[in-house]
Every structure is written in structure tokens, then in C-alpha cells.
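There are two complexes below, and they share chain A, which is joined by chain B in the first and by chain C in the second.
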Partner chain A sequence: MAKKSKESESISATPKRAVGNQATRDKTLEKITELGRSVAKAALAESDPFVDVPTRTISNTSYNETRRLLEMGDATMRRNLFNTGQARKFMQTVLLSKGCKDLLEARKTLSLRGMYYMSLHSIPGTKEKTFDDQEESDGILEDLEVSLSTLRENLHLFAKKRGTMVGNITVVDNGDPIDCRRMGTGGYAIPSICEPGVVQFGKCEAKFVLHVEKDTVWSRFNEDRFWEKHNCILTEGSGQPPRGVRRLLYRLHKELGLPIYCLLDCDPWGHYIYSVIKQGSINLAFESERMAIPDAKYLGIRSGDFARCGLSDDVKISLNDRDIERAKQIAEYPWFVKKKHWQKEIQLMIRNGFKMEVESLITKDISYVSEVYVPERLKAKDWID
Partner chain B sequence: MDAPPETEPKKPAARRKGATAEEMSDRQREISVSEFFAKNRHLLGFDNPRKALLTAVKEAVDNALDACEEAAILPDIYVELLQRSETRFKVTVRDNGPGIVRKQIENIFGRLLYGSKFHRLKMSRGQQGIGISAAGMYGLMTTGQPVLVISKTSKKKPAVEVLLKMDTSKNRADVVSETEHPEDDGLFSDGHGTQVSIELEGRYQLGRQSVDEYLDQTAIANPHASFTFVNPNNERIEFKRGTSELPPESKEILPHPKGIELGTLIQMIERTARTQIGGFLQEEFSRVSPSVSKEICQRAGITPRTWVTQIGHKEAEAIYKAIQEVRIMAPPTDCLVPIGTKALLSGLLKELKAEFFTACTRPADVYRGNPFLIEVGLAFGGELPKDELIRVIRFANRVPLLYQQSACASFKAVLETSWKNYGISQSRGSLPDGPVVVMVHMASVWVPFTSESKEAIADYDEIRKEMKLALQEVGRKLGIYLRRRQRMRNEGERRSIFERYIGEIAQATEAITGTSAKKIYESLMRVAQKKTEEADAILDDEGKRVKDADPFGRDDSVVILPVRSARAGEDERKSHQEGGGQSKTLFGDEDGTGEAKRSRKKN
Partner chain C sequence: MAKKSKESESISATPKRAVGNQATRDKTLEKITELGRSVAKAALAESDPFVDVPTRTISNTSYNETRRLLEMGDATMRRNLFNTGQARKFMQTVLLSKGCKDLLEARKTLSLRGMYYMSLHSIPGTKEKTFDDQEESDGILEDLEVSLSTLRENLHLFAKKRGTMVGNITVVDNGDPIDCRRMGTGGYAIPSICEPGVVQFGKCEAKFVLHVEKDTVWSRFNEDRFWEKHNCILTEGSGQPPRGVRRLLYRLHKELGLPIYCLLDCDPWGHYIYSVIKQGSINLAFESERMAIPDAKYLGIRSGDFARCGLSDDVKISLNDRDIERAKQIAEYPWFVKKKHWQKEIQLMIRNGFKMEVESLITKDISYVSEVYVPERLKAKDWID
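Right after this comes the complex of A and B.
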């Protein structure tokens, strides 16, 4: 797909720039060593070793109204070795700390999956594996990130690439200039790590960013050369955008001053994607500051579009009980609760009793979404905030 | 007496002509007890072929055990079932008892209601002297074969072999043949003993209420006896001795006034050799002192010096009434010989493959003037079936009761005990379920059976109350054990979780910090031990921590077997068999439970 894509499941030697600077690495290494020392000290003192992990739940997340983003609270959960419910996780935390230390010392980066494999083995004398699956390891790595108050990038870890970009911009990725105007049908694969040390922005004519939910819709826009006609950047995040995409959007907004418009499905899932882009996620509230874009706008599609665009009944997808429950939850979020438009939007969806995908606009015409719907909304500044 | 006059069917007369008193008198005659029972054999436990076979074995074995114990001989009982045809069996029971003198053989094996046990109040297996002769009679009736008795009373005397045929009308046995065995007869290795063989119609079937079950349970309640059983398939099954200690001989006691009925009282007055009523009361009853005797007489409106001959029905009734009103000391209870906690345990241990055993012997109590005591044993876990109702095995004077479970006081007592409190589930109105065998034993000079076939203990309040108290006691101990077992399992699991991860943690920590993995590992393992041992501490009934980690440390009414060896079975078991089960793991000494802990952990 993209140039210079890394094989996500193998350690690859990377130039210095990609893995941050010496000072950051030393700092991270010191933090890991500190964690190890506290375990060793507790062990030798014959007490119960522990790691304090900041809680990543909604209860430890608060909405900062002035900054308009989610922030993580101070609550931590102590993870002890001598607690049957925590012993395994404690072991995994120590094990992955060691993995990250090795990685930093080797000056290499590894995918989350690679790190999972690196730390995976059977516990001697048992049939138990250190990890059941990658998900288990991913969760512990996120814990480790917050426990060490560092970032995944600083641990030299990256996620599987997800998300694509095309548009009137040139980026420099790991020293290679990439002209996003000449990306063919595939587009530029947004890397997992989009820190300034890895990705820099070059020449940019674009006036705004249109972020769409999925690859299929993105392809529609790309084929119709929407970004060329409207002088913008076109991104997609394959559903819930990964950290790389969010970081890139943030930087495009912050550093280049580009407004961000989102075209997402009309369902609780789409609404939550918008919420994450705008305010940050509950799980990664500690990263909101670096990723949340409080000014991002929600272009569509909206519950009213069914009538407004004269869509056929065939595009309706009934809301199930979980959808309704989730929609109500979202409406209750502090950052939505005071927004009349959002309350109206969610209520209308519930009243309609159905959800719609962006693709439903294709029933009107193949290029209805790129040639009519979005241009009209942008022109009329018809979005919700 | 019982036969109604018959009418002549051939000559239907116009006017029905009744029998005259003379005619009726011709037909009226005494019926012998034997005749009565021949017609009502179900009353004695010979209702069907299967039960008949069991009853015959049971009566013979009960007699053999009684005889051995009275002669202070450790019983070795040999039981053989020989299948003659599909429905015909020859039952042979041989003991190493004192033997029977020649002239008594006809009486003992040929007469119903003949025996040494009916006329005295003494704890023994048989009571009425019906059993073995009834079995012989049943055999004669169903197969026509006489009873074969061989008896040897001493090494020096030859064994006598007698073939007996019951004469039901005379309640007597006729000797068919009589031979003497040579002196060196190998039949009785101890030089004395009795063997009886009865051929009868029966059915041999395994399972509940079988000969096997009877012998199994008898072995539990009589750990001092050894049994050899040769079944119809010619398989030899050995029930080894669990203790070589003979139970002490039970003492005979005089009847207690409160336990006597008016009719019996009148009979006793008629038969007494005493001349004055005061002496009669003092000498022929237990617990009647001169002052009690005086009080009874005063209340009855007579004096202790009143001649016995002057006591008529009216006076007797007055005495009977007075007895009920006067406070009389409870009868002596030293006449009772409990199996004893220790022997109970050794009996359970050798016959049941369980992991937890406990037993309890209650102090004696009195019902209707008869002293009695209740013992309860309980076995839990091991190889006992898990998903069934618990098994209740009942005994009266060491004899297993196999029929009419639900009519028995012991069964009701088990139902009424709240087993849920002890960690055993129980649905309303039914037996609890779980891998449990509960044994209830009643020892008494007179066990109140609900019928002559001695199948269920009558439900007296006093008896049921004692049973419940005993059940509660063993239940509590089971509860303590189960809670502790659960805790130990939890602890074992916890410990193994910690131990599993400590190695990983130590290595990773060394890689991060350079601190020796070995040191970290050893320290953390010590913490793991400490952490889990802390929770090992046992709470006593009030919830306080007991320093001694073993709640049964000094309780010799409890035996806990290491689960694994209880499963592995035989070798471990053998060590308990001799010497009253005093081997190391018995009675929950520290070593024993330590062993249990360790082996559990390995599981």
C-alpha cells in the first residue's frame, strides 16, 4: 500500500529519528528500571510487591469544560502479586516491562503483536502461557504506559497500521517526502506513530480535512477526486480511528490550522467516533491532550437526512436494544448533555428507530455523497458541533 | 379358637342348624407357637425368598456372635451359601464359640421361644429366642430338609453332629440322626464352636438388603469379629478384624419399675418367691430402696409387710398406679456396652473408603424404664457416591437393620437434623445428599422394635432425642472438617497461583534491575507460604483464631485420611485393621493431618 511500510510483526532496524531521541529513551528506561527496583525491593523485604496503575475507566475520567477534553483523574488501582485476582496481571506487567526495556536497549521498535510474541512462552512446569492472546498483552501495555506515565511511542511500540490519507499535502515520513496528491487509489497508509520525530509536514495547500469513517467511503471520495476539487485532505480511520490517525488529525488541526469535518455513520458507534476525535477516549484519557480536537465538526450523516435526502426504506437498519442503550449513554456524556443539537440528533435517531450508514447515500447516486451531500453541507455550514 | 365352625355344604337344610358346644369343643385345641409362626412366617422375616435367605444368615450370625462374646472369645465367623438349585440354598454358619452341650441342641435349634435371652434384661443381639429355630423351620417347610448342627465344646471332646427335624405341632425337634466326629475334626480349628446348616428356598441377590450388605454392616458394628463369606459363586470375601479388643461383657439388670406393665407386674407377683410385698419390690426391681418401696406401698394403701399372697388384682393395680407417681432413680446404665468411639471408627475405617470419619457415643438415657444409649458414626467423602442421598445404616445391639428404614426412629432423627448447617445439602423432608454414610446404633437391654422381625426401632421421644443429639455432634465435626477442607483447597489454589508466577517475576525483575533472580524467587516464595498459611489458621466456633491449626488436634473421635491414600486404598487401609486402628494417621494427630494437607496439595 504505502511506501516504506514496516512489517508490523518483526523487529526492524530503524534510523534514530524514528525511535525518538536519546534523552527520552533514557528517561523511559529509568522509569522501567524504577518499576523493577520497587518489585525487587518489596520482594527482598518479603512484602507484597505491587504496581500502581492509573484507573482507565469512566469513573476516573472527567470532562474539562474549559479545555473541552477528557482528562484522566488521579485514581490508581494497586496491582499486587499476592492477590489471586491480580497475580497473573502483575506477572504480565513485569514481563512486559522487561520486554520494553530490551526493546529500548536494542534501539528498535516493535508492533504490539511483536511484543506479545516476544513475551509469550509457557510458564515452566505448567501448561499455562504467559498470555492467552494479544488482547491480554495489549491491555497490559496500555496499563504500563499509564503506570510509567509515558507513551506507547516512547516504549518503542506501535500498533498495526490503520487509516489512510490523500490530499493536497506533502508529508515527510522518516525522512522520505511523500506527496499525498499522488497516491493513486490506495492512499498513504497513516503510520501508527505520527510524532513530529517521525512525520513532518511539508507543503500544504489544503484548507480543511474531511475525515470519513471507513475505507469504502474514502475510496468513493478519492476516485471522485474530491480532495482536488475542494482542496482538502481526505482521511479515514477504519472505524474507531487508531492513535496514529488521531494524532495526525490533531497535528493537521493544530500545526496547520485546518478545520476537521467528520463524515460518520448515523448510529451510536459513529457518534462515539466523533466523540473520541473531539474529546478523547475514556480508555486513553491521558492522551487527550495530544489528540483531542474540540473544534472537530460532525457533518453527517444525520437522522434527518433520511427525509431530507429522500432515502428509500431499504437503507434503514433497525436499532437494537443495545444501540438504544448506548445512544442514551452517549447523550448523557457531559460533553454532549448541554448540546441541544446533539440531544435532538440522538433523540431523533431513537425516535426513528433506525440507523443509517454513510453508504446509504449511494442509493441516491453513486457519487451523491461526494458531489452533492458533502459539498452542500460544507457550503451551508450545516454541521453540528 | 380361631377356626369358625363350618357348615355342611352337601345338605342344605331348610333351617340352618348350628354346631353344638360339644361339637365345637372337639375342634378346639391348643395351637403351638411353632404352628402359629409356620403360618405367619412374615412376622419373623421370612416373607419372601430373598428376605428369608438373609434372615436365616442373620439369625445364625447373631447367635454366633452372642455366644462368642458371652464366652469371651474373639469371634471368627464363617458364612457359606451353597446354591443347590435356582431357588434352593444351603446356608452354613460356623463360629468358634463355646459350642453347645448335646442335650440343648434340640431345644436351641428346634424350639421356638426357647433361649437364654428372653427372661433377662441384658444387652444382647437376640431377644426372644425365635430366630434360628424359625429359620430351621422355614427350611424344613420349603425344602423338607432337616437342620444340620455340628457342635464341639472342647478340644478333648468329639464334635457331635445332629440332624434335626422340627415338629411344629409340638414345638419340639426330632433327632433324625446323630453321629460323633473324631476328636481331631478339623472343622473347628480352635477346638470348639458350632456349625449350623439349613437348606431353604431363597434368592441370592446383591445390593440393598442383601446378605453381603448385612455382613458388611455387621463387620462395621463388630470390628472385633472377623467374617469369611463364601458366596454362591464360590467367591471368598474376607472381613478382617479391626480391633482385637473384646467388648466388655454386658451386665444383666433387674427390670425398672417404671418400665413394667400391669400384666407383667401381676405375673411377677404370682411367681415371686418373696413373701412380703416390700421385699418383692426391693429384690425384683432395680432402684427400689426400702424408702421407695415404702412410699409405693403407702400410696397403694398397703404396707411393705403386706403378704404377697394377699395382693389381688385390685391391689396390684394400686401398686402399678403408685409406681407411676413415685419418683424413682433412673435404672443403672452400666449394663450397656457401647461399641465405643474408637471401635466404631475402626469398623467404619476398614469397611468404607472415605476420607473423613467421626463417631460419637452418647451418655446413657432411659425410655420406659429401659436404659439405652445411642452411638452415631459418620463417614464422608473418598469413594463414597457423590450424587446420591446419604446412606443411613442402622443397628440395634450391633445388629444391622436392613428393612423398614423409613419406619425407624433413627431414620426420622436423620431427617430432622439440619444437615445444611454442616455443609451437606438437604431438600425439605428428604435425606440429605452427598458422599456420606451415617451409622446409628442403639444399645439397650430391650430394644423396642416395631415388629418381631426386628427391622425398625420404635419411635420413642427419648430415643429420637438422643439420636438427634448424637447426629448433631458428628454433624458439627463434619461441618468443621468441610469448612477447613474448603479453606485448604482455596489456600492450595492460591498458593499454586502465586508460586506459578513467582519464577517469571523473579527472572524479569533480574533482567530489569540486576538483582539476583534466585534471591527474589526465594523471598517471594517465603511470602507466598506466609500469606497462604496465614489464612490456614482455623477459626473456632466463635470465630476466634485458634493457634493450633488443627481443630481436631486432640479429638480422638475423628479420623482424617489423606485423600490420595484413601483412594489408593488397600495398603493404607490394612494398617488400620489391627490394633484398634492406632496407626499414625489415625485420630487426627498432627502428623496425620499434616500428611493430609500435603497430599491434598499434590492433587
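Right after this comes the complex of A and C.
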């Protein structure tokens, strides 16, 4: 049984309640103010106010093989006020900038939906709403992230929370030391915003992170106390991990040097989850710099496991046309296309004609996955990347 | 800042690792064994083995006005082995009984999907699978729950985990004391199984529970430290709360005597969430006895809040035909039909022609909901039930 660490005790003596880090907040506020100033300056000079927004398209995204990161190019789009096709978006950008400024100054955070409501009103004297729906405001907020070259989290905005953690680490969340060695069956709910101003790392004995796709599989590993036996941290992201989980994994990897091993389903969706953890999502390339983990390893489930683990035909789930199409797209991703292992893996899955879930290992034994499969793979360094 | 309570320290000195409670497990095992014995006895006597399954239909469900609970009637369905229309279901019932027995004896828990896989195989010499899909196995597991008059949780089965908690309470989860006063921005992830054998209550100063619909709203209340200022527990169920959350709310209410206040959207979905917390779901009436909280209060959002809080037209979301149909159905539920307040509430929503989300209050102020709306309603005891 792990004892409560002295380190976490000493941190707990100085609780910290303001959300976020003062320096980051000041920097973000300065960027927003600068954007406002440039708009005001143009207006006062009686010229056409504008905002330059980096283009978030695939054509302006490229994979840097040396850095092994997705990067955005230099292309920008100018958004003018005196252009009937751009005026609405220009005004929305300024309006949401103000919303984020208010949020930062109030030292509060808000969901994307909350920010939509906060900025929602009808233009006086008209029936024109500032936003037709949340989708419109979400898009502008992404523009704002890249225009200010910051992260949504630094604008104090968050999306739905998902994902849990247990293991040999103490984290300090908003001043509260949380001993992840003693989180029972439920675990610590990973926050939406995992920036250093909110979540810090206390004492950590863990040597690696096992990230699993589903909370139900996570429960199997937690119940079998895998993290205790193998001295690690156990996380899950309830499917495609939200940004909070990805940022936390990134920081555990970068700041504490922990390898990240992923246990995902053997299907295009599992491969895509791995791809996002590893490189980021293509249409949000600007976030990769601070979230992508090119060194993350894919432990399984792999197509060869069907024969290797002696699974029965019952666990086969047929690939449909959409699966095959997705699998081929993923094989073409620049970080997979030159990897022999990944090409073989995806080809074998397509040739097999079926996918498999992590849970299929339960047909061998309830705890086969946590007591045989993963320990054997880890010991043999048997993964792909 | 709340200090770590002495009570939780003393509990933490005797950690407890086996899942569940010995007496409950023994009782459930005895019930399964009894079922097996009756089948074996019939077989040995060369008569037709059968299982009697209480009928889970609306016609066999009634609302007991005195107890204010949904109850199942006495109707049962006999499932025979020597009946081509019933043989498959009979064998599935026996197979899953064995699966649950194995699980209880191994002192492990499993997801519903896990149990499906564990019991999945092809009948030797045929291409017949024991189950075509998980839906088939889930249905039989519900039959098993009622046949054994137990809860799924006592069969060590669980569904996807959702929901988080913070507040002035320490819970002991599988031997780990969890101080919900010091859970940062993330919170304690409420387990899927919240039976007394897994989750116990330590020191609790809280005087009530505020249950909100969404995790994003929960974050607002947590960030504003509502639970500290108002001495309460704050929970969320990410929409329709899963059984773990409902069972925890029930136990907080029954065992600690805490009133449960619900803050949900003003729409048929919000009303339905309240209805399930209050009375249980109609097609799973057998669980109501141990999950329903007839005394739970509905704080808001209410239709009258549009005028009362001076909200703008922008927050209105039009009701569609399906919404109106659902609203009328809910108004006919036996626990709502004689309640004037509920009839007025639903009628006003339909007359208004629009629904509203809790987040609509953000148009007033970021923290209006946590610093004005809920405190005012609580102070005035202004809720409906």
C-alpha cells in the first residue's frame, strides 16, 4: 500500500484557488488586447479594420518528418469589416475575443456552449442573432486560437470532460493533492483543462502510462491492480480521448519522461485514436505542438493476435465497406505510410476481413488482458509505432 | 479549507481490497445455485427443465401511490428447455447464470460487454453462436436480475461509467478514503457499482446534494466552490445518470438523510431525467426499490424562468413535434398526473413553444446560476416535486 507522500503533504499546505497560471493569463490577455488595439487603430485611422486568421485547411498543413509533428503553413485569410461576405465573421471574432478577455479577467472558465450563450444576443434594432448556433461560435473560437497562437485552454474554454486516471502518482489539481494510488474503483476524473496552471505533478513512482480506449477495460485493469503490480499510471479516454486527456498524457511524457503505451481496439477507429494521440488531428494541426506524442506506442490489439492468442471465430466482427475505406485512408497518413509495421498491420486487418475489440480477450479468461496479454507484450517490447 | 478528517484516517488504516460485500455475495451465489439446482433436479427427474422469469412489461408494472414507487406485478413467464421457441433463451439464461457465478467466485466484476464475450461461443458441431449480439445477452441479464430478485451490481456486472462528484464528504471506495473536499477541478469519478460493499460513507458535513445534468455546468459550480459556500455535495451524471450515480444519490438520501435537488434543462429530456431519478424507469421497475428517490426535488430550470429571470428571446429553442409528444406523455406519468405544479409546468412549456438549457442563464452572468439562481431558489424553498 502506497503511503501518502510527504511531497504531496507539503504542496497541500499552500492551496491555490485561482484557476490557471498568472503569467500565461497575462500573456494571453496581452495577445487579445493587441488584437483589439489593431482593430481600433484601423478604425480610428478610418481604414478597413481586419483580422488575419491562419488558414486551417489540409492544404496549409504539413507533416514535418524531422520533428515528427503536424505543422501549419503560413497561409492566412484576411477577415475585413467592410466586406459583406466577411463582416459577420469579423464581428463574431471581435465579440468572442471580448468574451475570452472577460473570462480571463474574471479568472473563470467556461464550456464552449457557455461561451456561445455568453456571446449570444440580437443586434439592437434587428432580428439578427450574433450566432445561429453553437457550431458557428465553435468555429470562430478555433480561428481565435490560431490567430492568437494560443490554446483554447489558455482562453479558459473547455469541452465536455471524459476520462479517468489511477496509478502511482500524486497530481495537484488546483491546489488539491490527489493521490492516484488511493482512488478506489472510481478513479480521478481527468479535468477538461490540464494546463500546468491547473494540474501539477507531485510525487511519481510510475515508470510508464498504459492508456486504454474504454472505461470498462480500464475497470478491469484497475480491479486487477495492474498499476500497482507494474508500477504505472492507468488512463482511459472513453473512446477518442478529449483534449484534457491528450494534454495530460503529453505532459506525463514530456515532463516526467514516461513512455505512453496504448491499448486500443483492432479497427480503424482504434488506429485513428492512436494516430490522434501520436500526431494530432489533421484539421487542428496547430494543437499538435502541445499535444502530440510521436513516441507513443501501439501495444494492441493487433490483427495477428487472432491466431497468436488462439481466439475463436466468435470474436470476429466483419469489416464493412466504410471500415475498409477508412483503413486505407489511415494507411496513407504521412506518419504511417513509411512504417512497414503499420502497413502490414492494416493490410492484415483488411485481408482478415474482420476487426476485434480488446474485450475479445475475455473469451480466454476474465483477466487474460491484464495478467497475460499486456505484461507479455511489455516484457518483450512487442509494440508498433 | 477542510482538513482531512480523523474518521477517514481510521478507515484508511484498514484497507479492503476484495470487491463487494461477503454476505451479499454469498446470498447472490446461493440464489444462482438454487436456480441451477432446480434445473438439474428437473433434468434428473426426466421432466422438462424451466426457469420462471417475472414479466418485464408495462402491463405488469404499477405505481404504488402509498409507497410512491414503481412495482412489478406477479406475472411470470415460464421458459422451458423442451420448447423450440424458448430453448435458446432457456440455455442463454443458464449460461449467463454460470458466468455470473464464476464472476462472483473470482471476486471480479465485468462490463455487460465483457459478460457477452465471456459467454460467447459456438455450440460444438454447429455454426450456432450462443448470442447473436450483446443486445441479446443484455436482455437475458435483465431477466436474470429479476428472476433472482437481485440487482445487476450484485451480479458484479456494470455498464459504462459516467458522472463526477465533489463536496463536503469523504467516501471510502474499495478501502481508499476519498476526500471529496479536495478533488480539484476534475473530481471523483463515480464508479459504476456503488453498492455498500464497494462504496462506504465517511465523514460528511454536507446538508444536501445538488445534482446537475451536465459536467460543463458542474464545472461552473465547482469552480465557484458552490459546495463549500453552501455546504453540500455536487454531482453530475452526464445527461441521464447511469445506475451508479442513481444508486449513490439514493444512498446519500436514505443513509445520510440528505435532500436531493436537481438542476436540469427545461425540456422533456430534463423532465425525464428527473422522473427517472424520482421513480425509476418504467421498463426496469424492479430496480426502483433500491434506486428511486420519490422525495427528490426539481429546482429548475422552469418555464416561468424566462420571464422571471428576464431572459432574452435568444435563449429560446423551439419545441419540435417530438418534444411536444414526449412532454404530453411525461405529464401522464402516474407520479406527475395528480401534481398541479407539474401539470402547470409542462403546460406552460408547451404554451411557450420553447425549451431552455441551464446554460441559458449565462446570458445574465457567468456565475448567475451558481451565485444567484440556485441560492435564491434554495433559500425560498422554491422547487417542485
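Basically, the second predicted complex is superposed on the first by the 294 of 385 C-alpha atoms of A that agree within 3 Å, B and C clash if a C-alpha of one lies under 4 Å from a C-alpha of the other, contacts with A are read in each partner's own complex, and residues count from 1 in each chain.
To be clear about the criterion, contacts are C-beta pairs under 8 Å (C-beta built on N, C-alpha and C of every residue); 3 or more make two chains touch, one makes a residue touch a chain.
The structure displayed is predicted, hence computed values, not measured ones.
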Which partner chains sit in contact with A:173 here, chain B, chain C, both or neither? Use first/second/both/neither. second
Does chain B (first) or chain C (second) touch A:48, or do both, or does neither? first
Answer with first, second, both or neither: which of chain B and chain C does A:200 touch in the superposed model? neither
Would you check which partner chain A:64 touches, where first means chain B only, second means chain C only, and both and neither mean what they say? neither
A:240 contacts which: chain B (first), chain C (second), both, neither? neither
Please indicate which partner A:283 is in contact with in the superposed arrangement: first for chain B, second for chain C, both, or neither. neither
Please indicate which partner A:367 is in contact with in the superposed arrangement: first for chain B, second for chain C, both, or neither. second
Comparing the two partners chain B and chain C, which touches a greater set of residues in chain A: C
Across the two complexes, find the residues of chain A that touch chain B and also touch chain C. 102
So in the complex, the part of chain B that touches chain A is made up of which residues? 493-494, 497-498, 500-506, 508-509, 511-513, 515, 519-520, 523-524, 526-528, 530-531
Chain B contact footprint on chain A (complex, rising order): 32-33, 35-37, 39-40, 43-49, 81-82, 84, 87-88, 90-91, 94-95, 97-98, 101-102, 123-126, 128, 130
The residues of chain C that touch chain A in their complex are 1, 12, 15, 17, 19, 102-103, 106, 108-111, 113-114, 117-118, 120-122, 129, 158, 160-161, 164, 171-178, 182-193, 198-199, 214-216, 219-220, 223-225, 238, 312-315, 357, 359-360, 362-363, 366-367
